[in-house]
Structures are given as structure tokens and as C-alpha cells.
Amino acid sequence: MKKRMNIRMSGLGGQGAVTAAHIMAMAANKEGKYSISNPFFGAEKRMAPAESYVRIGPERIYDRGELVFPDVIMVFHPQVITMQKSYTAPFYSGIKEKGLIIINTSADLLHEEDYERLGKLGVSVYNFDAISMALEIGGTELSTNMAMIGAVAGITKVVSLDALDKALQERFGKRYVASGGTATLDEAIKKKYAKKEMLLKKNMDTILKSYEIAGAWAAEHKQELEAVAV
Amino acid sequence: MSEYKVLPGPEAYLPPSAASMGITLPDPGEALIEGRIVPEDEAIEYAARKLLSAKVPTIFPGPQVLWKWDEMAPKIAKALRELAVILPARLIPMADYRPKYPKIDPAVEINPNHPNLTIWHNKIDVCMFVGVHCHLSGMGLKMIRGGTDCYTIAMCLMAGHEDACISVRDTTDEKIRKLIDAVKKLKAQGVKSQALPFTQFKHDYKSVKE
Amino acid sequence: MSKEKIQICEDLYDIMPPEYQDMVENATYGKEGRGWKDIGESKELIEQHSLCAGCPEAIAFRYVLASLPNPENTVMVGSTGCTSLVFPHVAVHNIHSLFGNQNAVASGLARALKVRFPDVQKDVVVLAGDGATVDIGLDMTMQSWFRGEKFTTICFDNELYANTGGQESGLMQKGFVAKMAPVGKLFDKVRLPEIAREAGCHYVACLTVSKPQRVEKALRNAIFVAREFGPTYIQLYTPCILEIGKQSMEGLDEMKSAETVGGRFVFKEYMTDAVKDFLADLEAKEKAQKKTAKKPVTA
Amino acid sequence: MNKKAAVGNKRIIASTHVKLGQKNKKGQTYTDPNRFFFETPGTANFLTGSEVIREAIKRASIDMSVAYPITPQSEAAALIGELYAEGYMGDYFRGESEFAVMSQCAGAAFGGARVFTTTAGPGTMRAFENFPMWAGARLPIQVCVTCRGINSPLSIQPDTLELYFLLETGMLIWHAETAQDLFDFILKGFVVAEQPDVHLPIAVCCDGFFVTHTKDTVMLPPDDVCLPPYDPYKSPVVCMDMECPPVRTMRDPFVMKSNYISYAAHATWQQEMRAACDRSRKHTISLLDGLIDAENTDREILIVASGTAVSQGREAIRLLEQEGVKVGLVKIKSLRPFPTQEVREATKNAKHIFVPEFNMAGWLAREVQAVIPDNHRVVAGPRVGGGMTLPSEVIVEEIKKRLGMKVATLASRGS
């Protein structure tokens, strides 16, 4: 990859945006790229705004903290837009020219005014129903973050499927240290799948499916997406 | 290296600590003379000369050598006794560090909490600290330089003291013996002790000398 | 530390001030069955103190130090107040750090000593005034009990802040007019012995220091129980004769009147059943030992 | 791990009362710090700052740790608890408040233990009375401070204001930029803080979330080596264990002006604490390769910073480089002792000195202004507070403005 990619993930507490950022960063790390991921959240709990950030690049990354000027924004939940559960308003403020927005939604949530402003910046928007995909393939809403990962990787190719697989193994395959709430959610998801292997497989399947569909979309929009392709 | 010189006081109402003036402690094998880093042997020889030139040379042994708590303490104690006899010098102990109540007799003991008495109303012109815990010794040395013109020597069991005019680090009984040898050598060269006659407790140096 | 370690190097023995020579020769470190009766016969572990003449705290201090079963392996923790003026003159290692944090310091200390000396019985004893124990430090006093920390807490209860000049404290009696209680204290004396019992202390005693034998017994019980079971608490009435307007010689009378029927300091003891059995065993053993000791030695 | 020291450099002296090469009960080998830091090969790991704290403590041969929950240090404190469960230390428990925790740490240190704890923001403030007490009592406790906002209204976000308060406690204060720094500083911090001529508490600080919750690449030595343990008898004060002289001693007796104790004792006591802090320079220089890192200080424009602000500065320098503006960097690693001479030397060529900070007070700018000549050269900023991020673009903007270059005003929120 030639340049740094800065990704902002805006979601709601409990959706796995923090985990998604960690997995993306781990995957990048596994294929020899530099990466940093960090979360940002308040004292609130589930369904409250929670953001995480991942920076991936060809050289050592120092920049940290909240990503104010991202290349890619991933919206994990429609409420980020509809209820303004976002650290910025509108949720896309700060996005760089020719950036990319990925939204988990079953309906188009943007207004004409939004499209106008994003259009001026040359920003592409990819709407897709990550929750349905998670339910269908992963068998649980908790895999929504996997669908989101698949989408961003499928469009930008910032990390490979192989690297994502390795990152998943590390994240769910062994005991993992996480803050209180995340640890509890991990346990919940492990209970859903009888076996750990099953969990890994379902997650990877979700990523694969999403990667495939998003990849096809990206092929159609190759020109516009130049700035966020690796 | 700092230009600051660690000379006998009284330097100021509250003199600066030598460390804050840029004096650094020596590495093993080295020592300090008045803030300059020198080879250890040079400092030991200089200390011997200073002690011999004093009218009231005094050794202040601290708890780490007064009390028989480890293997090294009695060895250093023995060497100190020999040094005191050969110089001759008074031995005034710093038995502990408590603010003593109601009074302290500075001819019998010293204590860093009683600085006006620490060196006996400035009667002591050269003193040597040995086996005093470094924090307390650092305090005592600073106060002496603040209030008197006493020349201070610190034979430190650990890393040394910038606030002493002469400081040797990692002191063992062998280093005290080196000091004894230096005294003997100077005496053999004709350097005479300038110590005023004194009687200390049950021990009169003249009688022990035989 | 063994008694053998409390020795002066021979070569410097004669230059040591006499009270240190006396301490090495005549203090009761390592003496089986040491107690208050040693006072007057042997070197005490406390030198001069800077308390008011006739202060009951001074005599309480002497009883406590004379009765420690294991002074050569005891570390004490104090707090800010009159007691901290005495501690520099005490011949066991002791710590003052801040006002009110004594039970927290003791918790860390007792655990560190356990880690460093797993095979040696090191006793940690907290000794602080009522302001430190009950007011500013109550949180840490009680939390150390909740945690079951294995050390003894002694409160010198003089029912006010003495060192700062006689202000109202939690252990002051209701109605007492004092600084910061200009119309008299408006609430009851805090019932710390009962709180201690409920908070997990295995042995609790509340008494005055009018009877040295009783102080000795309570202290030894508290320390032995702390070693085996967990936290113990002793509250000693040490009236501040100055602030309650008494003369130097009136301390003893004040204590005696406070411990008579209906008084605030009628002797009381709380202990768990397990502790009761343990102490009974201990007493039986001590009696048996004394009996053997009394038997004439036959050649 | 930090840069290797050149051969022939002065080396750090560590305690040797426990034989080097001997193994502890976890099978770790007590290793001379010079070997540990400069000769042991490291491997790359991808970890959060909290995990890095665990990795450091695993190799630190600590005796005890006391914990209390407060974001963002809670994960680290819990992970240390796991190390205890695995047998890496003698004791560990949860205290009842930060004030109590720091007192418990003091008690353990008075008793001769190597102690480590962590705190953050309001916890630091609640604990505060203990810090000057630690320093005055010469207790070489290490506290890892993961900075967060302290004022009302409550915030859990990174803000380095609490560091301003810590500066004059008498403790050594080091400020880590990255997870790697954090790992190195924690281990090296023990070695420096426990030197007999230093023997002071040390606060190893980092910015909460930016370091604690950020996954980053860290080089770690193998976990079968560890530091030599602490030797409480190489201490400038008496260890409170009844095993060393004098037997009659109190830590630490009141020193007040009265008929028998002099005020001078308290004044020289304070001087001695500060002298000890100054003495740490020598040891810190050989272990951290200087109290500062200086890059391109021949340039007219400099960024002087500590902690995460350094990272943001580095990114700003990259961005400016693309526009042809060359900027040098001074990273301050040790805030106490403050690298006075080093900063003077490093800034002597600079015409403009920018001090970006993650606090509203601008304490680092004041520190720099206080020690350099012609201090109008210092631009005290840009600054953010309350956990706001400080994008490198904002630093770029500040520098360009000062240079009279055209800038498009950046909006931080909304558009």
C-alpha cells in the first residue's frame, strides 16, 4: 500500500465496533503493515455512541486518538444517523475528499442535502444491510461487525482475507483480554456457538460473504473509489 | 562539569544542595574532592591529610556501623577504632535519628535533627561521616556547610555524597584501612597530627596508643 | 529480628551513649512472658516522651510496650496526634505517614513482611488516637477489618483532638462543650467496639489504663488472636487531663470513675467462640508452664 | 526496547544481593539490567497499553501490588491481579480508595517491598496527600498514571492536567509517548528509582486511551527473564522490618521548629529529596539514552512535547515536510527531573518553538519558557482539553499561521 488509510467506525455500545477495529488492526499487523487501533467511548453503556479507529499504513504510525479527518467512515447502526448517536454531526463531518462511507442499513438514510455535500467532496456511499447478513450467515446479530469488516476489506482491500482469518483466530481462538463489558459479550457469543471452531467459522463466513458482495460493488465504482483503494 | 565548589561553609543561610548545582556522584573507583571527580586513592590520601591537619578531628559513626547487624558492620567498627586511635580523632556516635527530647549533649552524640548542635558549636573543624543512612547524612552534611566552617568527609557505604567536601563511595573496612595506611604513610613522611589533646569517655587516646 | 541482632559492635561499644548500652544490656527483648511488671526493673522500650506531665497516654504507652509479646519482631504504625510525639523514642521500628491512614499503611506493611519473611512471626500493631481511628481514618480502620487483615488496632481514646487543642471528636461524649462543638456535642459517642465486632474483629476489648494487668492481658490476647484469626481491636481510655480541666495527678481518678458501673468505660470484651476456646487453651498452657517453672530444680 | 547503549558506555549498577542468573519460582532468570535492556533480543507483539503494563510487571520482580478500579487504568490493574494468581508476586489486593491504596503501597514499601500500582485522573487527585509523603519518606514506589480529565463535569477521557499537579510532589515523573515507552519506562523506572542515591517514588505516566486502549506494536524480551529483586538494605533510609539498625527509629518523625528540633532539618530534608531527584539524571541518561530525544534541532522551527503530543507532533512534521516546511522535534521523556540543560541546548537554534499539549493549562509550555532564554520564541500551543483529540492537522495549522502561510481554517466538529 502506498499511503495511510484512516478508518472511523461509529457504532453503538455492544455492537462490536471496538472489536472490529482491533481485528482490522491485527490483520494489518499480521501481513506486515503498520497499524494502530483505539476505541473512544463515554461512561455510557449499551446502545450509547461508541467509536473506534483504525489506522493502517506502510510506515510507522504515531497519530492516535479520535480520527477527526478520516478516509473511511463505517456506520455500524442506523441510529448513528437517525438519532445522531455520533461524536460528530453530521456523522460524516471531517471526511476527506474522495472518501468512503459504509452504512449498515436496510434503507437509504441520507437526505438530498447530504448527498449534495458528499458529492462535492467526491465521497462514495455504500449502503448495505449488515444485520440481515449477520443473521443469515452468522446466525446472530452479534456478527454484524464481521459483515462490516468484510465490507470495508472487500471495497478497499486494505487487509487480505487470509490476514483477517489469522486475526480472528487470535481474537477468538485464545483467551483474550478486554474491558469488562466486552469480556461479558465475548462469553455470550461463545455460548451461542457450541464450539469455538463453529464461532470462528461462522464469523469468517460472514466476512467472506460481505467481502464478496462489497467487492463486486467496488468493481462497479472503481473510478470513484480510487482514493481509498490500496 | 559544574564549576561549583563544595567547600567548607558557612556558605549561606540555606546553602544550595550540591546536586542542584550540578555536582554528580562518582562511579565506582572514583571519589569527590570539593565537587571534583578524582581517583578514589587520591581522595583517601587527601582525607588523611585533612584529618591530620585538624585541631578537633572527629569521626561520626552511624547506625550502620555502630550496630552489629550484618557482617560488614563489626569489621568497619574495628577499623574505625584503629583509625581514631592512630590519628588521633574523637568518635562521636550517631546512634539513631530521633529528635531527642528534651536535650542532646553534642559532646556525646550527634543527630541531624539538632543541627545547631551537630558539630558542637563549631568546635569541630574536620569531621567524617561513616555508616549514616544516606538521607540523614545528606541532611547533616548540608546543615554543617550551612552553619559552620567544618570540613566534611563522607565515607559512604553506598553511592557517596556531593554535599561532603570529600566523599568516597562503597566504603568497606578495607577502604578504612587504606585511610589508616595513608595516615601512617603521612606520619612516616613527617606530617604531624595537629589535634588538640582530649579525653573521650573512658577512652583516653594517649593511653590506648601504647 | 533476634535479640542477638540488637547488639553494639564491640569496638564502638564504649562510645555509645549510656541509654543505648543500657538498652542492649537490660531491655526485655526476647524475654518469655514479658509484661508490665518489668517496668521499673528493666530498661523500657521507651525513652523520654514529650507529653504533658501526668498524661495517662504516657503510662498507657509504657504498658503497651512492656506487654508486646515479641518486640524484636514487632513493627508499629502510628498516626498524627499526641502519640506521634512519643513514637520517635520507642525502641521498635515504627511508622508515621499521614493522618488517618494508619490501618491502610499497616495492611500494606503486614502483607509485605509476610511476603519477605514467610517463616517469621512479625507482629504489626497500630496505635493511634481517636481522631485518627474513628473520624478521619474510619474508612480505612473498618476496611482493614472487613478484609480480615491480621494485625491489632489500638485506639488511645481521649475523647477529643488533643494535639490540635481539644476539638470535638467522634468518640467525644454527647453534650461535651469543646472547640468546634460550641453548644456541646450533638450526637452520641460512636460505639466503635460494637462496630469492630460487627466489622469482623475476632477480639475486641474496651477499657481504661487504670489496671496494668488488664491492659497487658488484653494486648497479649489481641496480638495472639491477630496472628491466628484476623483483626483485633483495643480501645483504651486515656483522658486528656489538660482539655478536660484536670490536674496532672487526677488522670487515674478520672479513669477509675469512667470505668465504674454505668460509666463509659466499664470493661468489656467481645470475642468469637473460636477465639474463646483458643484463649482458654492459651491460658491453660501458660499456667502449666508457670507451674513447671516454679518447681524446684533438682540436680 | 530502547536503543542499545554503545559499548564502553557507563552502565547502570543494580542490586546484587540475589545472585544474577538464579531462577525465581516462576522459572524466570534474574538478569542484570544492562543485559536485560541492551542485550536481550526482543520480539514484536501487537498489544494494548494495558496488556503492555502486564507484560512489564511480569518481568519486574515486584513483591506486591494494590489495585482500585478507575478508568482507564482498571484493565491494567486487573491484569496485574491475574499475574498474582499465576504466582508472579507475593501479594495483591483491592484497596478501598486511591488514598488508601497509596497508603497501602507506602506501608509495603516501608516494609521493604518492591511495589507497583496504577491510577488515573480523579484517582490521582484523591490519592494526592500520599505522593509528597512517599517522596519525603524516600519510598521507591512506582505508580503508573494513565492520565484522564479531573475537573467537574466528570470525564473519562485523556487529559494531562493531573500531571501538572504531580510535578512538585518530589517524585520522579516520566511521560511515555507510546506503548513501547510505557514498557521500557516501567522496568527502567524501577532500576532508577531504587538506586540508593535516588530512592524516590516514580510516576510513569501515559495518556489514557491513547496509550492504554490503543493496540500498537511493542518489542518484548522473552518472559523467562526478570529484573533482580529490590534490596531494601541498599536504602538511604531505614527499612521498617526490625532487621536493621537503628532499632529505635520512627519513619518519619515530625520535624518542626521547637525547642529541640530545628526548622533547618525540614528545609534540608526537602533539599535532599530534590537532590535525589537530580541524581537520577545520571542513571536515567544511561538507561533511557537521555532525558530527551532530539531530532533535527538545527531547524528554525521546533516542536517540543511529551506523551501523545509527541506522536501528534511527528505526524505534523510529516505533513509539513510534504509542503516543504522543515520542523525539528524535542521529545521530553523525563519531566522530573526536568531536562533544563538539554532543552536549552536543543532549542538554541530555534526561532519558533511550538508546545502542543493535551491540557488547557499549558504546563509544559510554562516549563520550557521558564528555562530557556528569549522565551518569546515559545508558542504555547496548540492545546486541547477534556479528552479532545489533537489532530496533526491542527498543529500544522498553528505552525503555518505563525509562519504567515495561508491556511484553511479547520473545523473540529460538525461542518
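Every chain is named by a letter (A, B, C and D) in the order it is written, and numbering of its residues begins at 1.
By our rule, a contact is a pair of C-beta atoms (placed from the backbone, for glycine too) under 8 Å apart; a residue touches a chain by one contact, two chains touch by 3 or more.
Predicted, not measured: the structure shown is a model, and the values here were computed from it.
Student: Looking at CA centres, what chain is most distant from chain B?
Tutor: It is A whose centre lies farthest from that of chain B.
Student: Select the chain whose centre, defined as the mean of its C-alpha atoms, is least distant from the mean of all protein C-alpha atoms.
Tutor: Central by C-alpha mean position: chain D.
Student: Consider the two chain pairs B-C and A-D; indicate the one with the greater count of contacting C-beta pairs.
Tutor: Greater number of contacting C-beta pairs: A-D.
Student: Can you check how far apart chain B and chain D are, centre to centre, with Cα atoms defining each centre and the answer in Å?
Tutor: About 36 Å separates the centre of chain B from that of chain D.
Student: Quick check: how many Å separate the C-alpha centres of chain B and chain C?
Tutor: From the centre of chain B to the centre of chain C is 40 Å.
Student: In angstrom, rounded to a whole number, how far apart do the mean CA points of chain A and chain C lie?
Tutor: Computed from C-alpha means, the inter-chain centre distance equals 63 Å.
Student: Scan chain D for residues touching two or more other chains and write them down.
Tutor: Those would be 238, 243, 247-250, 253-254.
Student: Where in chain C do residues touch two or more other chains at once?
Tutor: Each of 5-6, 47, 88-89 in chain C touches at least two other chains.
Student: Indicate the residues of chain A shared as contacts by at least two other chains.
Tutor: none
Student: What is the shape of the graph in which nodes denote protein chains and edges denote touching chain pairs (line, ring, star, complete, other)?
Tutor: If you draw each chain as a dot and join those that touch, the picture is no line, ring, star or complete graph.
Student: Considering only the defined contacts, which chain C positions touch chain D in the complex?
Tutor: 1, 5-6, 23, 47, 72-75, 77-78, 84-85, 87-98, 101, 104-117, 122, 139-140, 143, 147
Student: Taking the complex as given, what residues does chain D use to touch chain A?
Tutor: It is residues 46, 48, 50-51, 54, 71, 74-75, 79, 154, 156-158, 178, 209-211, 213-217, 308, 310-312, 314-315, 388-393, 411-415 of chain D that touch chain A.
Student: Report the residues of chain A in contact with chain D in the complex, numbered from low to high.
Tutor: Against chain D, chain A makes touches at 22, 25-26, 29, 34-40, 42-43, 62-69, 87-90, 93-94, 117, 177-180.
Student: Show which residues of chain B lie in contact with chain C when the two form their complex.
Tutor: Answer in residue numbers: 61, 65-69, 73-74, 77-78, 80-81, 91-93, 95, 98-102, 105, 108-109, 200-203.
Student: Which residues of chain D touch chain B once you look at their complex with the stated criterion?
Tutor: The contact residues of chain D facing chain B are 10, 13, 138, 195-197, 199, 233-238, 243-250, 253-255, 259-262, 264-265, 267-269, 271-272, 274-276, 278-279, 281-282.
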